[in-house]
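In order of appearance the chains are A, B, C and D, and numbering begins at 1 in each one.
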Amino acid sequence: MGYGPAEMMCVALSREIKDGDMVFHGLASPVPMTAVKLAKSMGRNFTYVNIAGGVDPKWESPAVTGSTLSSNLYHGSAATYGLDEIMDLACSGKLDISFLSFVQMNQKGEINMSYIGGDYDKPKLRLPGGAGSATLAPVTRRTTVWKTKQDKNSLVEKVQFVTAAPDPAKEFSVITNLCIFRLKNGLLELESIFPYTTLQEVKENTGWPINQTDVQVYPAPTAEELSALAEVDPNGIRNIEF
Amino acid sequence: MGYGPAEMMCVALSREIKDGDMVFHGLASPVPMTAVKLAKSMGRNFTYVNIAGGVDPKWESPAVTGSTLSSNLYHGSAATYGLDEIMDLACSGKLDISFLSFVQMNQKGEINMSYIGGDYDKPKLRLPGGAGSATLAPVTRRTTVWKTKQDKNSLVEKVQFVTAAPDPAKEFSVITNLCIFRLKNGLLELESIFPYTTLQEVKENTGWPINQTDVQVYPAPTAEELSALAEVDPNGIRNIEF
Amino acid sequence: MQRKLMPMSSAVSLIEDGQLLAVGGSALHRNPAVFCHQLAKLNRTRLRLVGVAQGYASDVLCAGNCVDTVYFSFFGFENEFGLAPGFRKGCQEGKIKAVEGSCISIIAALRAGGYGIPFMPVGGMWESELLDVRPDFFQVMTSPFNGEKVVVVRALVPDWAIIHVHEADEYGNARIIGSLFQDQLLTRAARKTIITAERIVDTESFQINPALTTVPHFQVEAVVLAPQGAKPGICFGEYETVEAGCMKAYSRAIKEGALDHFLAITTEGRA
Amino acid sequence: MQRKLMPMSSAVSLIEDGQLLAVGGSALHRNPAVFCHQLAKLNRTRLRLVGVAQGYASDVLCAGNCVDTVYFSFFGFENEFGLAPGFRKGCQEGKIKAVEGSCISIIAALRAGGYGIPFMPVGGMWESELLDVRPDFFQVMTSPFNGEKVVVVRALVPDWAIIHVHEADEYGNARIIGSLFQDQLLTRAARKTIITAERIVDTESFQINPALTTVPHFQVEAVVLAPQGAKPGICFGEYETVEAGCMKAYSRAIKEGALDHFLAITTEGRA
């Protein structure tokens, strides 16, 4: 079975989820939603909460929209848990993973989701805002941010504005269409690259210098993962951001 | 129809409720509960919330227990509103009446529900606590405290401890088995006495000096009120505290 | 209980210049869209908006130049529907003051408003520059109990919560089916609530299980029958796809400065 | 989800000396009474209790000399059942530290605990001497936004919420029917929850309308089948009068220092 960046990212995100985890993603998050369904399908035993208020909704029902506020994330739940309560869990140190996104990020893992150009009160481009990230990044046990289009405009030397910043004492990783970074001693370090890219391509698409001359290749999706992915996402929701 | 202090107090409390009011009483409050049922029966149009979480429960169903946490205060509600939310209403200035009780009270309307004798950490008699009163008395628009046994041990010169204090800028009244006091310029003033007592008896059962030589007599229960009362309280819940 | 059922025109006219509106739903889901179409036509000014994840209904008010401040953590339409053009334009022209917080910052401000307290601590937010740019909303202070440093947000008390629900009775008891988002919180924080509803039902249907009632009647000032009142967005269990054609027409109208024309067409034949 | 159904003996043994327990129900209503009967037999010490309106179950622990601090706004049995004798005795002998607040003070402390914040402002409380006697729980501070003075309470994070419910599944999803009192709040504030239930039901019964689930499985550490688990008190819709004979026997036992005997008789034949 073939795979591309969409499948690779869903698989990589799903592998971040461990048994016993409490997992959250926000709105506009079709890749994390699909990764969660995949992890459930692969038999991982974890709890999934989301902004639709569902608690472990029936993952077998395919999503029909990329919106991660839809009834697909609610039906089949045995309980409801609202965003308010999810954030309380996080602030009490009970959230294991949150999947977040960004427009710009620097090597410290600082995220800009607020604006680009001009100044805060008259920006050139007003972005949608960081949603949960300014609180979640510092308080969640493990934060994973995803980006479907890594380039020098997204991974930058200097962000225009710090909407959210990670806590260097907690785990923080970045999964893009090309590779995986992890925060070590307060700086993002390239951990592995996906099988279909090269270290050179990653360097060319990263706004800060990568000095490594060698890097491990991340394990490709297994046949089992790809077949499970096809089953949980027959409508190709995973492709929306690509 | 005859009446005694139980009927008189229920009627007097019920007359404090006006159209459009948001009304609350706490637990261990059989007299206020009965007064609320009476006011509903008399056609007053107000909203009633309580610790059982009911919002305008079916007042026509007679109570079978004096506990004001029972299902009688829930059934027939079209919505639920918990104690947490009721207190939030009060703190936001949206609660019109709360009915509170006390063990000791002084002429400033300061209430003791905490202890008598000894000191706070080793009292001679530990009381049950003031429940909502320390917050409600200062924030509710109109507070009415009730006492079924007025004497010099309950209306005192000096309370042992101030569990709760009224806000002199808000309305505050006391309804006992004998009479009604209202707070004026920060002090409780005797407003009226019930038809079956005398100014002399009231003075003898009040721990602070009452200098009035004359006082109005509070209007007796009407036949309509007494018949409504008999109907909403066939089990005589109103008598429990007498 | 008092009867509060009224035509949409009466309900929208309750809103006054300068008021703070808590707008229900999330992104393109269960917004009081039809209400905001009609409100935008009244040309109210200096409205302030608050909502955790604001979308279409709020954007219509921004596009109509009715808004001068927005408290939010997210403002957009999700995925293929992109950024919110009215809000974006207002910010970029310096007309709208964006007060961005994390989700829980906005939630905490509304909780504090509903609890009748002036401010509340909030988790996280460390190193975020959102703190620096809005000292009127965020402050850092010290716990009087153990000296711990904590970010606090200032309370917000909306003049109105405006939410779209599945079912309401004529007195204002209202029920949302499925995802509540933050709508119950909005009604608890606000002075008064305006309900638009897919259906008007009997009070008895609330009495069967009062635990399912989202808003009790006494919080509500107006109830409006508004079937399909969240369109062009989604309403859980009622209509579950976005009307893409309408969204495109909306974006184009904003680009071309033709919001009035869009609203005239969209609201044609609706009271 | 993990299976968490266990015998009462295993659940009570989870409680350790010195822990803070949030005890569910109100006065004589829906207390985890049978749980506390069994817990009192284990002779745990230095337990701390928190609850807005505490009653029988908490009193049994006080009477058993297991408790050194109680956070409460009311502690008693209502009306003819009077004061709580175990709590009263403990206070009067100087063995129990009473931390009394208004209802909303206790609620605010638990909310703050659940929100992961160190303290929270609370309405009212002005001129109450409760502030003066417990500066470790109450402080007065100033809003950094407008200088307004406000009373704040310190957060409480219970180690355990212990609540009695109508229905639970073996994974910990739990449903209370009728009056919730503050039980949902207790579970949100606590690190973990212990459920005793009138009935064990299928998970499917929760999936029919998840909005009716009071506690989701992931908050729960133990589920115990305990029919009539709130007796001698009341459980909404299940048994609606207090067992007056048992309450009298309890009062007498405390007066005579014969709690062990009372517990032995009361728990006879129960696992």
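Just so we're on the same page, a residue touches a chain if its C-beta (ideal position, glycine included) is under 8 Å from a C-beta of that chain, and two chains touch if they have at least 3 such contacts.
It should be emphasised that the depicted structure is a prediction, and the values quoted were computed from it without experimental measurement.
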Listing by label each chain that touches chain B and chain D gives C
A-D against A-C, pair bridged by the larger set of C-beta contacts: A-C
Using CA atom averages as chain centres, what separation in Å is found between chain C and chain D? 37
Cα centroid separation, chain A vs chain D, in Å, comes to 39
Here the gap between chain A and chain B, centre to centre from mean Cα coordinates and rounded to Å, is 57
Gap in Å, rounded to a whole number, between the CA centres of chain C and chain A: 27
Residues of chain B that touch at least two other chains are 54, 74, 80, 88, 90-92, 139
Enumerate the residues of chain C that touch no fewer than two other chains. 115-117, 122-123, 211
By the touch definition up top, name every chain pair that qualifies. A-C, A-D, B-C, B-D, C-D
Help me check something: in the complex, which residues belonging to chain B touch chain C? 22, 45, 47, 54-56, 74, 76-81, 85, 88, 90-93, 139
Where on chain C is chain A touching in the complex? 26-29, 52-53, 72-76, 78-80, 83-84, 87-88, 91-94, 97-98, 100-105, 107, 111, 122-130, 133, 178-182, 185, 234, 236-237, 240-242
Across the complex, what residues on chain D touch chain A? 1-2, 113-117, 157, 169, 171, 173, 188, 203, 206-207, 210-211, 213, 215-218
In the complex, chain A touches chain C at residues 26-28, 30, 51-54, 64-71, 74, 80, 82-84, 87-88, 90-92, 110, 114-115, 118, 120-139, 161-165, 167, 240-241
Contacts from chain D onto chain C in the complex sit at residues 108, 112, 115-123, 136, 139, 141, 143-146, 148, 150, 152, 154, 209, 211-212
